[in-house]
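One chain, chain A, links the two complexes that follow: it is found with chain B in the first and with chain C in the second.
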Partner chain A sequence: MASGAETMAVEVAAQNLEAMAASAAGLKAIGAGLAVGLTGIGSGLGEMSIGAAAVGAVAEDKEMFGLALLFTVLPETIVIFGLVVALLLLFS
Partner chain B sequence: MIQNSSGSAPYIYVSTRLRVRKAKLLPPEEYQRMLNMSLPEIIRLIGETEYQKEVDELGASFEGIDLIETALSWNLAKEFRNVIEIAPGSLKEFTKAYLRRWDIYNVLTILRGKMQGVAPHKIKEVLIPASSLDRFALDRLVAEESNERIIDALKSEKIYKVLISEYPDALASGSFARMENELYKDMYKEFLTIARRGVKGGNQFLKYVQLDIDITNIKTLFRLRQDGFEEDARSMIIQGGTFTPDEIQQMNQMGSQNEVIDALIARIRAKPLLSVLEDFRGEKPYYEVDIGLTKTQIEQMERLSKINPFSIHPILVYLEKKKYEVLNLRALARGKESKLPSDIIRKYLVV
Partner chain C sequence: MFNPKQMSRLLIVASKEHLDPVIAELYRHHVFHIEDFVEGANEDIKGVKIGNPSKGADVLSTDLVRVRSIASTFEVKPENGKGLQKMQNSDIRGRIQEELPKIAKEVEELLSRRAHLDSSMKEYEQRIELLQPFVNSPVPIDMLYGYDSVSIIAGTYPGTVTLDVPHEEYKETLKGTTTTILAIRNSDLPDVEKKLLDASFHRIPIPEEEGSPQELIYRYEQEIASLQKSMDEVSDDLADIKEKQKEFLLASEELLSADLEKAEAPLLFATTEHAFAIEGWVPAENNVALQEDIQKVTGGNVLLSELDIDDPNNGPPVEYNNPDFAHPTELFMDVYSRPKYTEVDPSMIMAVVYPIMFGLILGDVGYGLILLVLCFGLRSFLTGKAGNQLLKVLRNCSISSIFFGIVFSEFFGFSLPWHPLWLSRHLNIGAGPEAHAVAEVSHIPELIIISIWIGLLHITLGRLLGARNAAKMDHGHHRQLAIYANIGWIMVMWGIVFLIWSIFPIPFMIDLSGFPAMVAGLNAASIAGALILIVGIIFIARENVLDLMEIPTIISNVLSYTRLIAVGLSSVAIAMVTNYISIGMIIEPNFELSILGIIFLVVGIIVFLIGHTINTALGILGGGLHPLRLHYVEFFTKFYRGGGKIYHPFGKARKLTEIE
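Moving on to the complex of A and B:
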């Protein structure tokens, strides 16, 4: 009897551990998704204003293209930080 | 929320375009160089700048001062029309309203020209089709036989109401001054209506309109005092600014210039305007007062455009600066043609 109860307890514990491991992996995936998603939204908002100004400047002076492009992609770095955080979460 | 904090993309796009255009306007050193040049050299130099296309196009039909005048007018009209095209949303409405003064200028030029028997091609040279009346509409007006027919042809325009009510008196007195006043007063009334309608950016436009009304009223006051007119100033004053017509009339009746300046300073809050008014103490020639006030107005508009970077202000600053660039080049070319000394020409430039 006792050994049957012990086996059952071990099984339940094992199931709990599996469930915990699965939810930890799920939370990591959600964290990674949020890291990329939110930084993507932030970059988009930043690039909206810079991009509009850059297109306006280039429309008047073609020589500004290189500098305008550089300024437009500067907020992209935020997504890269988000991506690094996501990769660390998923593969560390 | 995003729109309030950073302005929507089309506003940013247009404001930046016009900032770049403003940066391309002639710098003060260029005027200094031109003052030391002869008329053909000035024409050549202008032909190498933003006016190149117009100078090349018109080079076959005009020469000398006529070429400069026409090329400048064409370029100004082209620029203003292009700004209307690219301005988004409510900024388009404000820009169109601001440019309505060119309709008044054009119609008055045609009426005055016709009255004085000026040749149609000479009238056309100085017209600036920058507003609702385009080049073809103005050509049709110039081709009309009489001023009455010109006014009839303007039935669908906003200025018609004032024209039809004021023209008989103007004809009887032989002066369009009162009619001109009424047209501009009506224009400012419309500006105030548009600015107070509650559309996006209306408050910024209202700030410009009030500044413009104040500067125009102060200029009128100084001009009346300079000319020594005993006339009632109230009919010439535009309502909607800091000063009421009665206040201006009281100032007009004051004994000395210093008293007037004290009275103006007591009511004004804008610092640049206060300092320029201090400079006018003592008797100064009117053109110095006029140019000083114009420069202060542009400075104040620049300040407003920095406070509200994505609003109507950057557009208006560019339009004003472009207008004065054209007026400066015209004054320079006319001055050189009349063989005026450079020092005299310099005093009339708004740099």
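Moving on to the complex of A and C:
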């Protein structure tokens, strides 16, 4: 028969475990957020100068539009990698 | 199918008397790509010159300029010619001779009359504008100028000025602006002007007219009205001419530009005093028919010779040779670059793979249907060849989206009445128990692995095509090295994949980690992988050692394909968030029959519409651009060379005139 003290110890341990699981989930979410956010900044920096040049090119020649749009999205790979990392963190 | 149309290089030599019939025949067939003759390019050939335009080319070009200038005045464009009847060429020629100068003269007169009326109207308007500040002036306008010893100044200023010289002042406020008329002695003028300048006085010119400003303005308005009436008449006359002559203008433009092109064709030929030579390309399938007809029109007095192709990679012009369903994707090929004559034309591969990738990204029945409707709706607006091709590609993509939407069970982010047929990408958005239930069965890591499989296979295909292109296009020792290098790249990629398989068990991939370890913790599969990798590296290094620096790009290229799922998931997430905010947070909790309830309902619907409109636009942009990028950047860089010459056959399709 378990004494009152033992029952309490078990309860405290269970609460600790719950808190740990919750903080692990929270850290995962923070990691996922950082992955998308930081890579998003990276992509933005990359697209900044390409975008400016692309607008210039399109102003010169409207037929460049398709190609310019394509060049502009080239650095988006970085943020997609971040997104994939975040998805794997959250769902696997 | 995977190669462009076969071309034959044809040389036509005949005496000059046959020049016109040969040109007419080439024009009629509309298959012969003329190779420009460059004078002096070959030093061995002497006494051969570029030909002169045929007689009458100058008259034709004058007429053409005339027709085009009238057409542009009337804004008549070839697109307006749809549904018009064909006209007889002899009729058109007759009318160009007789009627065109008359029409041109009439139009010119009307235009100059219109310009004259327009400038008169402007002048009156300007006069009215000048008179406006003096409309309430107590004296006729002619009493405000023309004095010997007194100056009259008119203008506006923001504040007030006190003048300490004798003067007379009249103020009048009209529409918020106060106009001041000052009369001063000429001797005081410099001082007063200085003072006024300091007070930011804005001087208005006094119009040198006679009579009361009000009466003058009324008279000018009458004048403008009568000018406007004449202007309307002129415009009606012009519209009449446009309606009557539209068909003739379009047809004569077509006929004249065809005639002019024929007349100027000799500028591309090599000629001597009595003979001419034309070199060019004709698709092999049209070769016989063209040669027969040229024989016929020259009565056999012509030399037709099929020449050898010196430089098969760059020489012949390139015309696609694809089945119908692959024609639209040729647009994407041309945006990148026309393939070379000897290389693989990947339009067909792209025609299949591109819509699949698009569907994987935008797999949603709702968005697919919107895109399908858009494609059919835009048909009448995008009438050009490129626009047509784009719409057809988008149509295929929307069908693929609908298919994948059924597979993923998605409709504007909602679930369809069935579970996803294979893998689910529903997300845990919205706090209800149902959301949790779907989140438990979502297969995002598995889907990412599927996308990596697509990447591995796509890149392997690219490298195989690279090896094929090297085999067909390169020569000598380099050819062999290039083939091996392409195989080497495949081996390095699969070597890395084997190594990963032998270390980590991954769902949906082959698990090779179960073999017992042999050396240094490596099992048989990892050793095999490492061997493949090393052999691959050797093959690459034999072609170019510096290429080894590019090996890490294998990993980034393959991982780049995960965008197929990642971009798709972002659009799923936006759709689900929109649904959750609009329905879960705004409409559902406030759903009751009261004014407030109705307001919430309307707001919820607006949020829903805005969210899904934005998501549709993002989905089409993302779904369209990312697969395109995967093709251009990840796939084409493995094999595609491009830079082929575009095939421009001599001649033009006739719409409104007959072919002669």
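In the analysis below, the second predicted complex is superposed on the first by the 90 of 92 C-alpha atoms of A that agree within 3 Å, B and C clash if a C-alpha of one lies under 4 Å from a C-alpha of the other, contacts with A are read in each partner's own complex, and residues count from 1 in each chain.
As a working rule, a residue touches a chain if its C-beta (ideal position, glycine included) is under 8 Å from a C-beta of that chain, and two chains touch if they have at least 3 such contacts.
Computed from a prediction, not measured in an experiment: that's the story for all the values here.
**Q** Which partner chains sit in contact with A:45 here, chain B, chain C, both or neither? Use first/second/both/neither.
**A** A:45 contacts chain B only, not chain C.
**Q** Is A:53 touching anything from chain B or chain C once the two structures are fitted on A? First, second, both or neither.
**A** A:53: touches chain B, not chain C.
**Q** Taking the superposition as given, does A:61 touch the first partner, chain B, the second, chain C, both, or neither?
**A** After superposing on A, A:61 lies in contact with chain B but is clear of chain C.
**Q** Where on chain A do the contacts from chain B and from chain C line up?
**A** none
**Q** Flag every residue of chain C that touches chain A in the complex, lowest number first.
**A** My answer: residues 335, 442, 444-445, 448, 556, 559-560, 562-563, 565-567, 569-570, 625-626, 628-629, 632-633.
**Q** Would you tell me which residues of chain B are touching chain A in their complex?
**A** Interface residues on chain B, with respect to chain A: 2, 6-7, 9-10, 12-17, 20-21, 24.
**Q** Chain C touches which residues of chain A in the complex?
**A** Chain A reaches chain C through residues 66-67, 69-70, 73-74, 76-77, 80-81, 83-84, 87-88, 91-92.
**Q** Which residues of chain A touch chain B once you look at their complex with the stated criterion?
**A** Residues 45, 48-49, 51-57, 59-61, 64.
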